[in-house]
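What follows is a set of structures for review.
One chain, chain A, appears in both complexes that follow, with chain B as partner in the first and chain C in the second.
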Partner chain A sequence: MRTIKMLFVLSLLIFASFAGKVSFAKGELSADDIIAKSRFVFYYAGDDMKAKVLMELINKDGQKRIRELTMLRKNLGEGGNQKYFMYFHKPSDVKDTTFMVYKYPDRDDDRWLFIPSINLVKRIAANDKYSSFVGSDFTYEDVSGRKPDEDKHTLLRKETLNGKNCFVIESMPIGASEYTKRISWIDETNFLPLKEEFYDKQNELYRQFEAQEIKDINGILTATKRVMKNIKTGHRTEATFQEVEYNLGIGDDVFSERYLRRPPLEWIR
Partner chain B sequence: MDTIDKFQINSKFQIPNIFYFGFSHWCLFGIWCLLPVIYHFLLPAFSFAEELSLHGFLQTNYSVRANDDNPQGAKQGNLILGEERAQLKASFYPQKSKIGMFVKSDFYHDWVEEDWTFDFREGYLDFMEDKFGLRVGRQIYTWGVGDLLFINDVFPKDWEALYSGRPLEYLKIGMDSLKLDIYSDIVSAEAVIMPNFQADDLPSVGRFHFFDPYPNIPNRELEKPDSAFEKFGNMEYALRLYRNIGDFEFGAYAYKGFFRTAGMKADNFNSPSTISQFYPELAVYGLSAQRSAFGGVVSAEYGYYDSLDDRNGKDPGINNSQSRFLVGYQKAFPQDFTVGIQYYSELMHQYSQYEDNLPPTFAKISELHQYLTLRLTKLLKYQTLKLSLFTFYSLDEEDFFIIPEVSYNFTDNLLGVIGMNIFAGAEDNTTFGQHKKDTNIYVTVRHSF
Partner chain C sequence: MLCKLTEIITKFPKTTIALFLIITVFFAAQFPKMKIDTDPENMLEQKQADRIFYDKVKKEFGIHDLLVVGIVDEKGIFNQDTLKRIAKVTDDILKIKGVIIEDVVSLRTSDNVTSEGGTLVVKRFMEEVPQNQEEIENLKKALYGNPFFVDKIISRDGTATSIYIPIESKNQSYRISKEVEKILKKELAPEQKYYLAGLPVAEDTFGHEMFVQMGITAPLAGFFIMILLFLIFRMGIAVIPPMLDAMLSVIWTMGLLIGLGFTVHIMSSMIPIFLMPIALLDDIHILSGFFDRYPLIKDKRKTLILTMKDLYRPMFFTSITSAVGFGSLALADIPPVRVFGLFVAFGIMAAWLFTHTIVPAFIMLMNEEKLAAFLEKRQKRASILDKILKAFGRFSFHRSKAILLASPLVLVLGIIGIYQIHINDNPVKWFKPKHKIRIADDVMNKSFGGTYMAYLAAEGDKEDVIKRPEAMSYLDKLQSHLEGLKIVGKTSSVADIVKRINYVLHDENKSFNTVPDNQQEIGQYLFLFSMTGDPNDLDNFLDYSSQKANIWIQMKGGDNTQMREVEHSAYDFMKENAPPKDITIRWSGLTYINKVWQNLMVWGMLKAVLGSFVIVFLLMVLEFRSLRLGIISMLPLTIAIVSSYGLVGFAGKDYDMPIAVCGALALGMAIDFAIHYLQRFKAAYREFKDLEATNTFMAGEPYRAIMGNAIVISLGFLPLITSTLTPYVTVGTFFALLMVFSTLATLILLPAIMRLWGNSLFQKEVSK
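Then we have the complex of A and B:
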């Protein structure tokens, strides 16, 4: 598994080095390299991951809604395919609802939703990667990542953000996208994205992401508090990752209809 | 979807008259007040709170007929549905145990009947092993790939709940059953046995207009299959096999039991003096498949309905054998907008025998009875506001059933819904056309805890 993962990273890096338009002096990383590495540490850390995620959806008046879920993720080696399993604890009207995603970087996800009140597993159409994830400010793409080659990346500068040395990278979408420009502040030492700004057609800032807390979890640096703010509506979502664990050996069979209907208790509590 | 009349039967038990209002009124009020208190203050005090879960809702749900042309027997004028309801769900799944349990029960006051009713909706024990699972008790099943169209989902449904604007979960009725799940890499299976027959709940006398071929003979005996504990041959069996092959999800299904809508017996169908109703025997065999395609999800389902008591198709009181087909496609568009379309048809077998034996007062069904459905869903305001539209249209019966609905989450725990059930049709004897005077507006307010 680890070998496959390494090969995957390597292939991303090789790809990035060929595709890179911005290159600095020898030994320096290109913008494409940085984005590829950043995507990897943020979305692909560990062979698998378990986290209890508390999402607070807060409107401009300070009214709060809550989504509490357990998220399981497993990487599937080459190509960057992943499987996600989510079990909802709160609010009470969606308790016991489960949601499963097979993520393919090169095509639309497969998604399934289990509705416990009628014992129904429903296949969900999934070509809406810019739709809101469970009513939050995060889109599906924010939750599971975007392929580096969907944007053209330029290293604008290096600067410090909250005392950390960062690469500042501008990403311009090549095809259709929700945003017209994204600026990312990526930590030079660990490649975690600390801040991202999303610009709309009028070139105005409309969404802003911040990783407000980074923790070392068994040697894997993890953004445990992630805030996405909609500048235009004043709405924001604060996602706190609690009880994060990596490399648990979560079986492939967990990501199946069986466990959608009967959530795997040993993983979700 | 049958056009034959049915009189209310259900497994709910009702509180005796002496408890009306007064004492039980206060009890219900007490329960309503206490449930959130128990949930918020008492439950967390127990050490097993994580394993024991107690939830539910308080709900009010009203539906009013849009015109004053009320059916015979209407008890409360235009009011089709009026109820205050408390639901309590409790589950207990101890850590590291292979056994767990779940109970869901409703207690409600019905303003149309003016009575109080318990509705034991689900309750089962679970035994879980690595390669199999066993679930015993009353449980809800939903099979197949259709959206409000059911082929291999042979389990009982409450159509009156759907037609009168109850939340979707009330469309499904729990079955007393034993289910064995078998999990394997080759194929997984759900095998179900059901000893107690449960019919569909159809639009009932006094609440809905409906077509009756013999309106002058109102008194009819209804013969329900005896429990399998009394007559073992009445045991119902349902089997679902499923697995993924490549990007396809396949299902295969089999059922042996009874039609869930009643057939009819008469001394003479052309001019009967007595009529009785019963549930004819039925077997169903089917397949389904689903996968991502054309930028969305494509679904297909087939079922052969083998009418065991009328294989030659000559008995007008029993549905003929049929083949049922479904093809569906759903696609998501940017900004939380989803579209789903379906084509569904029922091909009647032995059609010439059906035509030859059809009594003159019966509504004639086409050899190929077809529906088109359209579902539009739009979410707004961080998914707190949902606009939806579901439309049935029959190509041959030329009737409609349209459900526009707006729902809004005021908070995580408070949901409000307003919608309409619109029935329209060229004739009075078709599936939806018979209810065209029953177009209604419904409101639901639910507080979950």
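Then we have the complex of A and C:
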């Protein structure tokens, strides 16, 4: 009886180690590779993109502020520079405000804001690591990505999150940063980040990102509902991506001061 | 009925003592549950309108409790080494758990919005520590170029900077402030001084000092009273029954208070000190009567029963009047004062119970032989005090007319003094001037815009009202009016933010340092602002739907009178320049709250004094079964209280919480002297049937007993003077003064009245 038990345990052990080997063999990716791939699928999908984004900024008492904008994005090379154009529909007192960002992975963005009430385009220089994206819980970095070599990445483990197999990766910033540790759950099959946890200087969880809805848009998997929650203040932002389209052939000229003043109607409707 | 009690108790003294000690253990068992409360907001009822509104303002505008660190370097902070240290201090403070990282305001963490070569630049004042003189000059320029931060994180003379540290909850403030202090000690150079201010620090320190008071001052007072008792009786064992009475009443009262779930507040922490001297007054009468009679009767039980029989009535009336005096504080609208009054009243009645139980029981257990031997020795002595009292008795009797003429004069003088009284309080001044909290407070108020916070909350009747130009510019105008006042150091509001954005967007052109006259523009500026920092940067000033705005008013002083001045000035401004119709503006903030409860207190105390005056008067009429004697008994204490408060007025001392409370208390205590005097006079007159002879008798033993009581009461409060907290010092001094005045008033005025009207007052007694 005892020997049978022993044999059973032994066979289980062998099977387990074999199974582990198999999955490991399949994904012989390093943590750095996973993060790089994930950044690419999440921030660089398609050559260009257009989406109507509805952002709800919700405070801990449940009061809401709304940001409704059309976002255009154009990539200028794989993992390289990007250009963003945003047109605000709501709130009503900022209607016609436009916003343009040139994203450079290696340095702070260039940003321009058009303020319709005084008919002025203003260049804005601000740190994108901590400044808030239009008053939401997302920072500019959350919206447009962070260069992988700014952190040191370690694959902690693999686990399932909501039934999906994920890599769990710990990223420790190398230089100065708002967070001191980031943990990402990245879908093994499509490399989309499903969840991210940010830890602050007190080593406590303070922000949490979740991709709550993923849709296939012309073959490109897109996180269409993104929630960023500030655990400490109870404030959260829910961003819903509607009318997402890829590879529309948006011209480079759209991303210019001229169009900030006269938004390109064919794109923003 | 009480006779029966005495008979039973003197029969079973050991059982009685054991029984009471067991009950006492039960009360003492509550002590570990003690909770200290130092929150000044609790001076108001939970449901008080201003408090509810303040809570609402705090919640709506995300206002947290704040620790403020001031760093002062006499040589100026603008040099690389000092800035590096300040940066390191700030970085380390952010790592302390419980600190709200995003809301810390400092050189290191706050964003500056400027215009550089046509670009709107948002960056922290000191993201990097400046490496050379040029960078230092840039930092200087940035700081002094942004009025929002001058007087807030940088002093005008450049010698001081401050760090505002919001914390998650007040009950972590002690730990956090200790950690902050450790960092400051470690990182700063020796010539750099640091100061910790902010309400949570003050509260914590106060709570700590309160424990010290209860742990040191109360036992000290007890010891002091013990010595006084020994000097009165000159016999070690005689000290024990009154001390036992005092201790048990303190234990019962505090045990009940804690057991019922009440927190120990500044007021209730004074209960032991008040209760001790009051509790043993009746015991002094029992012991002195017992010692006088024992040598004649030579039987402890019989002596006791006889002594007690005479004392049941006066002891009951003196106790009940004191209890009423304290109990009248229940009429005040300030919960801690109410709790204090009611529990001291309970303690006094508990002491009355002990006087009838454990005190006679303990006397029964005294050694008969020693007692007899001692008392024989004692009887032979005559003291100087007796001679003084005799002379005193003659004086007030023979100068009766002069006294009766002088008394109304004293009263009028007192009333004039009362008109000079300055009603004012400031909880920070509850610390003595040399206390480090007071020093920090002084330095911070000298270098910066002021540490005393008040808020003006503007509320519109619908969304986005505040974004309207007339609303926004009204806030701006109101602020500039307030900043014109000397006591107001700085004001901040959403209007300042809008003005700053307008100014910066127009390349720092001064003519755009204004509120725009177009709502779209204001809305878009605020939107721009929200794109530059944290999502909650605006929260302190503007609510989520732009329906409400909050103006922060930093004042350099927290006296109620200063708050009142600012309040009236704002009111006058709003009367002349009415706010937009759909906006209501209301005061809030801690400095304002302090003013509110202080106001309530003045009227509450007046109510309490008048209430207890009426009740005590009715009790006196009942006690003497005479309206006239009732009125006469109230005269000495009226003169004593009026003239004491008159003295406060003339001395220029602020009428603050402790002074206010003393009045109601003094009333209940001071009447005791009149009760004893009149009671003894009545009895003696019945015997001598002659005023002069009665007066001579009164100047002997009765005066001695009254003086004994007065000395124990007034000297018993003396140890309070050593306290580090001013409310204790004030109560100690003022209460002693009140007691001395009442004793003098009783012993001077009553004999004079007796000489003139004694015959008619006590006619019945003679004819009996």
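A few points about this structure:
Note that in this section the second predicted complex is superposed on the first by the 239 of 269 C-alpha atoms of A that agree within 3 Å, B and C clash if a C-alpha of one lies under 4 Å from a C-alpha of the other, contacts with A are read in each partner's own complex, and residues count from 1 in each chain.
In the analysis below, a residue touches a chain if its C-beta (ideal position, glycine included) is under 8 Å from a C-beta of that chain, and two chains touch if they have at least 3 such contacts.
From a predicted model like this one, the values you see are computed outputs, not experimental measurements.
On the superposed chain A, the two partners chain B and chain C do not both fit; they clash. Once chain A of one complex is fitted onto chain A of the other, the partner contacts of A:113 are limited to chain C, with no touch recorded for chain B. Touch criterion met: A:65 reaches chain B and chain C at once.
In the superposition on chain A, contact of A:257 is made with chain B only, not with chain C.
Once the two complexes are laid over each other on the shared chain, residue contacts for A:232 go to chain C alone; chain B is not touched. Contact with chain B, but none with chain C, is seen for A:265 once the two complexes are overlaid on the shared chain. In the superposition on chain A, contact is made by A:200 with chain C only, not with chain B.
When the two structures are aligned on the shared chain, A:125 is found in touch with chain B and with chain C. Within the superposed three-chain model, A:91 lies in touch with chain B and with chain C [touch as defined at top]. In the overlay built on chain A, none of the stretches 93-101, 327-335, 345-353 or 363-371 of chain B clash with chain C except 327-335. Taken together, the two structures place residues 57, 59, 63, 65, 91, 93, 117-118, 120, 123-127, 130-132, 134-137, 235 of chain A in contact with chain B in one case and with chain C in the other. Residues 57, 59, 61, 63-65, 91, 93-94, 97, 99, 113, 115-118, 120, 122-127, 130-137, 200-202, 204, 206, 230, 232-233, 235, 237 of chain A touch chain C in their complex. Contact residues on chain C toward chain A in their complex (touch as defined above): 91, 94-97, 99-102, 116, 118-124, 127, 168, 464, 467, 505, 516, 518-521, 523-525, 527-528, 530-536, 544-545. Those residues of chain A lying in contact with chain B across their complex are 57, 59, 63, 65-66, 90-93, 95, 107-108, 110, 117-120, 123-128, 130-132, 134-137, 178, 235, 253, 257-258, 262, 265, 269. Here chain B touches chain A in the complex through residues 50, 53, 55, 57, 93, 95, 126, 128, 133, 139-142, 145, 168-169, 171-172, 181, 183, 188, 242, 247, 249, 290, 292, 295-297, 299, 330-336, 338, 340, 379, 382-384, 409, 411-413, 415, 446, 448-449, going by the rule given at the top.
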